[in-house]
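Same chain, two partners: chain A is paired with chain B first, then with chain C.
What follows is the complex of A and B.
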């Protein structure tokens, strides 16, 4: 199935209309182009190649299942889409077909105050959910950079990473169970054991994570039961400046290992990131040149515990070269981290002129001890890329803690790309650079991605290298569950599952 | 109440150069130096009130986000003052 189905057979369209109603099947050009849009996309100049043939907006799990059954009957690809905020193009059709938009599954079905869970549709946004939960003193602490615009279904499909995951866990920890439509159209309940509200079971295979992070290649989550916490009494988010990256790196290691139970996450900003911010971010423009690196930490919980932990972290940072940046910058920057997609972006030509640039972000999961080496090699890749073309701009590196022990970090390099000037040649330069970023991550014992996924051109080429025999198991599972290759075909090199059969 | 005067609103205060690449016309509001936006971006007339409004809206958005996530935001500056005093007294 390598044909791109940007037009749908009228017979398929008629079957879809019969299944979910005329009003929820859309074939117009604007609706189809809009739903191929993503924040850090495939080459923009080739947008038309990624447009679906038809858009469907089901309102129930049964309707989702009916759509998948129709797709199987006619051999048409199905691509699930929630907020469309992912950074690995999971929701972008590679073969056209049916775009399954989950936004109508936006109901909060149940809030269980005693068991601290809620059951919601896959089209619910976390910010809107937390507005409701806040009235009960509760919160669902899944906090991506796209927090105001991403949806629960996409968080499951991508196995999302959370900014405050070191305190509360990431999406895989916070989603207790979900209703899942398999590529056959069969509906199953996936969780820990059979109970929808359990966080631990030893009954049967643990399949929950298999059906998370598959980027829509193994079906569609339609409804989820989520773990809730008390809304924190208090928050503390100090930012410190350092005169060198090495000092900041040592300090963040000590801060993370300070063993504060309310610790929710820490971030290192490297010198290239500080230079970018000093150029273009109002909080950092006035910072003196002696500021070469930054560290921030966040704590959430009961006021007494946050305060005690905060005292400990403030003392560690001060004693290891950190200069506190003040409440205004610390509190303002931390609040902005819940909403990174709202940031307007521009970059610079070699002559220093301002140009509009899109944000591209490559991430990896890297152990603490390897972060400096990966950082150095990634900037060398970027320097070569910027020498090759001035449509690229190095916006520096962040490293975020993945967990409370500080064993590993989400390391991300932010890259500005002047997309109006992007052509096939420049795109190939970028794809080659992405492949090099991934190779560095693997060489240092890391993973290609901590957060975004790894199914875009460039990085995906190295997924079999990273996963080894596990990739072969992925092919076996894909072929077994989706014999017609109708679920998001072309992603993650999974077409190989079918080549082997032939 | 103050009167709206078009000429006043479209005449920004004189800029102060705050870095090689940024200027400041209003207190604590930094702007990219316009001389860096001559080749690839066209400039538009921007009334003073709109600059102030956008910055105020950003601040209120950030305050809203704090309220959304927590009941109380603690001051790290006050904690630092406390531990500095404690250390000086010990």
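What follows is the complex of A and C.
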């Protein structure tokens, strides 16, 4: 029996069609269902709860602004969606309304070879952009796990994190400025000062980051000017094996602190992650059982510097118990970094039965000194969860450097969830676990998320705890900029902004 | 005999909801786990390589959506009628299958491969069985059924030169025998529209001393009908062709069209099982590359062109054939060959395949324009393809860019000093 969905008011639909044309306003049921999904799914049996009333695919900033004005006029929610690859449900409508799909904004407007910038639409994908930039010897080095499919607009809306951010910075550093449609429909240019291509200004308030990472609650970016780098002459990505997590942890700390200018990032794989990867025959099976943890590092730059840095890191790793896994595994696994580490086919029940499991990734930002303790406590949470229901599966933990000094790491635990068997009871177990993961991160002086955002069920409950007075400022800003609460309502507990008014 | 969609025995009708629901349930049961493997992955790495997605940016027409529909149907949230039309938006190029992490990195171990093309074909077959097929597909397949060949020259009721009596016209002056152990199979587009392609292949084979004949009575291979969901019709056509081959003792079929190659190497063995044993299907392009390698063909006429090569999807993405065409092109003197590697070309397409050009010619045109734009960046004067079906839309898109589209067989023939003749299209 299919669910009866909340339909959009015909008057709203008519206004949208008049604004952007019939062809780009879609009301059919399937199209609306598809725009309710993101990679880490909500319980599939509650899919219909997240379905928008209508889908619009604007082609210009002016059309986006017109849509937002219409939403204000009729008091209808607007939920921006670009790639729909985020892991905190930013693009998932909680209250129906207008789904603002940005994928048609996929034009590369300008490549400025002298100033090393480009201006692109929010619907441009980084891999596709780099195919074009590569012809000019340039690269836009924003490299998330979703690199082959996420889009620039979503990177801004979530303030994304990049695997090679220790060398090039993260989305907030790489996006110099952008065109932003406010919740009122007003269009502004946000950057460092007034110039679109500047990376530093002291003029006025620094608002760029305010309009990044808001998960669509403060408007929507439609076009961005991006910072470009020379395409690296050389990439080196050594993987080392260790016989204990402790050894790997010490070594990664020293590798990061080796002071190599070409250092782009390091990752540590814990024993549970190595065991997960051993479930197939294409990853680490050839490695002896004594291998319990892995570290990989990436160096990007010119050949001379990468080579010298590589020699230095090899020496440090070797001196601290690391065994180099060889060029083939190192190059292959780094090249496959977007594809390899979470696959439904590796899902297992306790009895070892293969079942298709969805990938749920919980992340936090944690200082180096707290990583082992957080890791331990997170696995304990997972162990309890797996005992409670066999639809859950612990896929291990990665920790990635956030920056070149090694002060803090993106720590993520990957969890398999057997969606086919998910019900309300199991979902509640999962939500509780998410709350516990977040509480551990905060207790250790960390942040609920380094990468995804923290507005999903469970984790979001602790956002006021983490942010304290800053959360109150968020409420003030939200109310000031979006008095009608039309931009992605229900996210980040921001409805409280309006409760206070009443 | 004509095939009225939905009228075959055992088919449901739209006005028979219980019948439609039963067929849909069987379909969902068959595709459930594959759909969840995609749904649960959620990576969507297939999206930016999808030619339809590239020009429409419509998330409803992606491999991910095609799989998610099955999950939604299982959950009772979507019905067949909600999604039937969406499935025309696929060229069956196979890029999504290659790019899927489930195929790329773990598929071998689990003996699993993402099969979007099969899913699309199955869904289209279901819509035909349920009487919900697309009018454009229904018309095309009705005409094909009547004429035994696809209506590649349009619908003119009288005098349209697509028909059984015209299927060998392309070879009129070539004096080719009928039957024999080896035959050359010529697809509808090449037999009636771009006749220069079969003429080139036939004359090159003749020059190399390869003995071959033509079928006694060749019908359309049936592949397009299968791609559009008209499975019964596809099987009838396949049966006719197999019987014809058997009747004249055919052991080897040389195929010049990548679409036929898929049909003969994938569909026919599935239809006929052991009955198909003993028939070897070979690609003309592989035969020709081998003849060059063995010194039995030596291209010697210099061709003064700057070219790039378009990897036909069904060769490159679905059959892994990309070396031989490059081998042939590199053997042709005079060419300046600006190649784009075959992996980059996973995301290239002409848009002509999988029935897209029949249901949505405007999307085919847009995809071809995009492809020719990529060729134009290389500053070439010629794009060489190895698929007759791609050459019509690519050629149209190339006109404004002053880039000519040639078939690799035409080019090779020219370099072998052959006066090809025939037509390169209307």
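Simple rule for what comes next: the second predicted complex is superposed on the first by the 488 of 502 C-alpha atoms of A that agree within 3 Å, B and C clash if a C-alpha of one lies under 4 Å from a C-alpha of the other, contacts with A are read in each partner's own complex, and residues count from 1 in each chain.
Note that a contact is a pair of C-beta atoms (placed from the backbone, for glycine too) under 8 Å apart; a residue touches a chain by one contact, two chains touch by 3 or more.
Given the structure is predicted, the values throughout are model-derived calculations rather than measurements.
Applying the stated contact rule after C-alpha superposition, one finds that A:369 touches neither chain B nor chain C. Of the two partner chains placed by superposition, A:476 touches none, neither chain B nor chain C. Of the two partner chains, neither chain B nor chain C is touched by A:206. In the overlay built on the shared chain, the residue A:127 is in contact with chain B and with chain C. In the superposition on chain A, A:352 contacts chain B only, with no contact to chain C. Of the two partner chains placed by superposition, chain B and chain C are both touched by A:336. Within the superposed three-chain model, A:280 lies in touch with chain B and with chain C [touch as defined at top].
Residue contacts after overlaying the shared chain place A:237 against chain B, while chain C stays out of touching range. In the superposition on chain A, contact is made by A:307 with chain B only, not with chain C. The contact surfaces that chain B and chain C form on chain A in the two complexes overlap at residues 127, 131, 280, 282, 336, 338-339, 346, 354, 356.
Those residues of chain C that touch chain A in the shared complex are 33, 36-37, 39-45, 47-48, 57-60, 64-65, 68-69, 71-72, 75-79, 82-83, 86, 99, 101-102, 104-110, 112, 344, 377.
Those residues of chain A that touch chain B in the complex are listed here as 127, 130-131, 134, 139, 231-238, 278-280, 282, 285-286, 300, 303, 306-307, 310-311, 314-315, 318, 324, 326-327, 330-332, 335-336, 338-339, 346, 348-349, 351-356. Within the complex formed with chain C, the chain A residues making contact are 1-3, 26, 28-31, 33-35, 37-41, 44-45, 47-48, 57, 83-85, 101, 103-104, 106, 123, 125, 127-128, 131, 135, 146, 148-149, 280-282, 336, 338-340, 342-347, 354, 356-359, 419-420. The touching residues of chain B, when paired with chain A in their complex, are 18-19, 21-22, 28-30, 32, 36-41, 59, 61-63, 65-66, 68-77, 79-80, 82-83.
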